[in-house]
């Protein structure tokens, strides 16, 4: 209650702590709500409960050890963190990556995007009160986790992408299982649409709720599906293609009004597109003329990049995830800043929550799909 | 309007603007004098529609650290980093999403009482990112409506990401 | 050692030595082939289906064998009366004893229903979400799960928050449960199976049903925390406003039947149109279907179930009005919720599906209470089915839905019923 | 008025379609693994609890440097006493009895299962330190999470007792105890 003394409240206002322990804040986020009856008068998000001092830890580890830290940033789509970190360090040290490793990176990143969007779909449905889609989403996600368990050993935190390539090649039988999953997953997407997207109650809860205009989204620095739902068509995979995204064809869903439903449906369409990309990667990986090695030779375990700075960013499932790496020529990075998309997605809450109802707070928070590991670093 | 013409156009009106020798690999980097930062950003946003502030961050270059790694000596003519100059280096990444140009602005402020003008009015994204830089580095942003700690608890003494930060054991240890 | 053995040596044997305790090798994990494998290929599925078919046919057989035992009980009453008179027992004492026995039987209805409904809901919700649901308690499909829950809740410590209003906090569950049990008096369970054959049965049911709203508001206020308060106030708004379309939906049935006595309404629906279509009120051209749908939606709202479970919305108000309740008090709230679900299904079976009347002429061999029970359970399945499919309404959308859609539709329906009666007569 | 009716009709149809999806799934097989009765065995590459084999270990300390959270510590064995030189024969090589390592501890409380130590272990053909497939490790105290192998212990893992902080064999403890040496 430090920033809210009861005297400041007018007669009929009530101060509610929405979090940090609350079923629908997706982690430890506290929103100080000043409420008049059901309508929110003022909202002040308060973060920092999961602050582990990640950027200080980076400075105490070597480049290969720091990769493990990046898993813990956005722990739901850990593959994107590894990829962004490795791209930044490779750009800093000027390391080339073999083509097969590029395809493996894009394949695992897109599968991880599907898994991350499935978590979003499940938790957003539970926030709206529908419990069943959560179980369906996690049934499909379980299959992706099995694929990752087969490939890189971890189910949630993989540390699979390494500086200069990837750590392991596809085991026997993995490609068939992956194709089988994608073939099974497509009709399930249609099931989700009939179950939730077109449901009139769900539409009444999300359509026209939490409207974010294009100018507002750009000014607040939103990124990913949150930005594309408000109009501006900006996707790092299209704007600055990294890895082999320029060789793959896929569409990026864009909406106009920026309501909760638009953000939700952009992510659902993205899942379909990610499945397409994964299929194209599988075809490319199966091609015989692709060279077999997955790791550039000569990248020392104890990497010592020359002094300098580099910035690389990736279209993570939650937005534009960037790593700003500064090296002073020693074994461990001199400074490593993480540009977390969720950190800016949370900041906009203080503006769009005023005037909506408590049930809308849950809807808007769910539709922005934030992960506190990335907000607090 | 590629970055080059924008740079020349801006250099005409802002004397201190110079192409930085510490280039951020991947993006054109310009060094901006601290007091000219806000007008440059204002000009970029209004005239060249740079409507998206990607990132605001700071790097601490105390006098001691840089010298230890003798970076300046071995480096080629352009020193790759601002090592050993006892400054805070503020890095802004601003981009025009429509035309896809992304530019990095660097400015250096003395370590004694670090303060710079906030970009709060131009980009709302700066609001929380500047609070984070204040929280972790102690750089004061003038004109920022509620410059308070955002990540560390209120009872935190000192600014953790400074190189000379010594942890004062508080109630959490 | 092959990789198989190295794997096996590292994972120890399962802890519970159940019959099917085994190590699930990676290939045996759930992994559907291209199209969802037809379930009949799985042995567990076939044995489960056979088991279910066995249980159902057993129940039908038992119902047929037991037949009309309840009707045989009727002469028992007059026999016991002469017997008591011959012993000089005063008449009113005998009536008192008989009503106490009937009251005990009636009290058993919501309790047994709660036991069965909780287990059934967890099983139905599990299979809807492709899970198994309770499997361990009671060895066979977790059938004693609710008994175990009840025992746990009975033994649990009863926490009363210190800033709560002690007396009101204690009284709230009482005020919620008593009407939930009283309301079953005029409701029939078969052709003659009824506790009090009141002529104003319908009015009694809706009147007593409305009292429990008070209990929920008391619970919300007395818990002393903001979330419960919000939950309590929300439920007040919802229950009161959904009472209207619910009663207006029944009025066309009363106009068609001409009486308020529920068992009489059920009785009027005997007979068949053209030998096949049963003369149930739901099959009346427009009036029946609209009335049924409005009544169904309104009774889902009355029982605070999704999509109308705003009072205890987990994701917003943590647990709404029953946040601060634990132990037996929480069990009472649970009991009353399922009692009202059973009540709504019984009413719908009686009003719209001709309680006790077999759907087809040649199916008359089963007793009336078996048919009544079958209809109630199918309707109850709909309640459970709704819960695990729909998201939740927002408070003001819920109010709009009621005042701007349900109420006008039910009023129009009354007009249509008037028109229908004019046409028939 | 017309689109209002079509809105109501469409809403009604969508509701029924949603109900059909849930009913369809109800009659399909379930995916639950009833954990204590059926135990899932992970894939071979799964990174479970660390397991250690003293015979194969050459006490090089690569794993100590590779670990990001510094949870491994080891001490080389003292060099074997050189047998007294018997003139006439070439000096007999220092015969070492048993493993080259004195003691080796892993702190499971800080290990984050990243596999960097396993990758950096140079021993051939079988690694001295590898991730077993065991995911059921349970510790009751923080001290017990530190597991040590000392020369003379048969199998991997005496735990530091919480009371006196000394290492003592732990009774009916978790599965790492009976993880046989991987050959």
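Here the chain labels run A, B, C and D in written order, and each chain numbers its own residues starting at 1.
Criterion: contacts are C-beta pairs under 8 Å (C-beta built on N, C-alpha and C of every residue); 3 or more make two chains touch, one makes a residue touch a chain.
All figures in this text were calculated on a predicted structure; none of them were measured in a lab.
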Touching chain A and also chain C, the following chains: D
Most central chain, Cα average position: A
Contact-richer chain pair [C-D vs A-D]: C-D
Separation of chain C from chain D, taking each centre as the mean of its C-alpha atoms, in whole Å: 50
Where chain A and chain D are represented by their mean Cα positions, the distance between them in whole Å: 29
Rounded Å distance between chain A and chain B, as computed from the means of their C-alpha atoms: 26
Where chain B and chain C are represented by their mean Cα positions, the distance between them in whole Å: 64
Multi-chain contact residues (two or more partners), chain B: none
Of all residues in chain C, the ones touching two or more other chains: 26, 29-30, 36, 128-131, 388-390
For chain A, residues that touch 2 or more chains besides their own: 132, 136, 139, 142, 146, 150, 195-196, 199
Complete list of chain pairs which touch one another: A-B, A-C, A-D, C-D
Contacting residues of chain B [partner chain A, same complex]: 22-27, 51-55, 57, 59-60, 65-66, 69, 71, 74-75, 80-81, 83, 91, 93, 97-98, 100, 102, 104, 123-125, 127-129, 132, 136, 149-154, 160-161
Chain B partner contacts - residues on chain A that touch it in the complex: 2, 47-48, 51, 53, 55-56, 91-92, 215-216, 218-221, 232, 234, 239-240, 306-313, 320, 322, 324, 326, 328-330, 334-335, 337, 339, 343-344, 346-348, 351, 376-377
Residues of chain A that touch chain D when the two form their complex: 61, 64-66, 68-69, 71, 132, 136, 139, 142, 146, 149-154, 157, 159, 167-168, 171, 191, 194-196, 198-200, 301
Parts of chain D lying in touch with chain C, wherever the complex brings them together: 8, 15, 18-19, 21-23, 25-34, 36-44, 48, 51, 132-134, 136, 175, 178-180, 182-183
Chain D-touching residues of chain C, taken from the complex the two chains share: 1, 3, 6-12, 14-16, 18, 20-26, 29-30, 36-37, 39, 42, 44-45, 124, 126-132, 135, 385-386, 388-390, 405
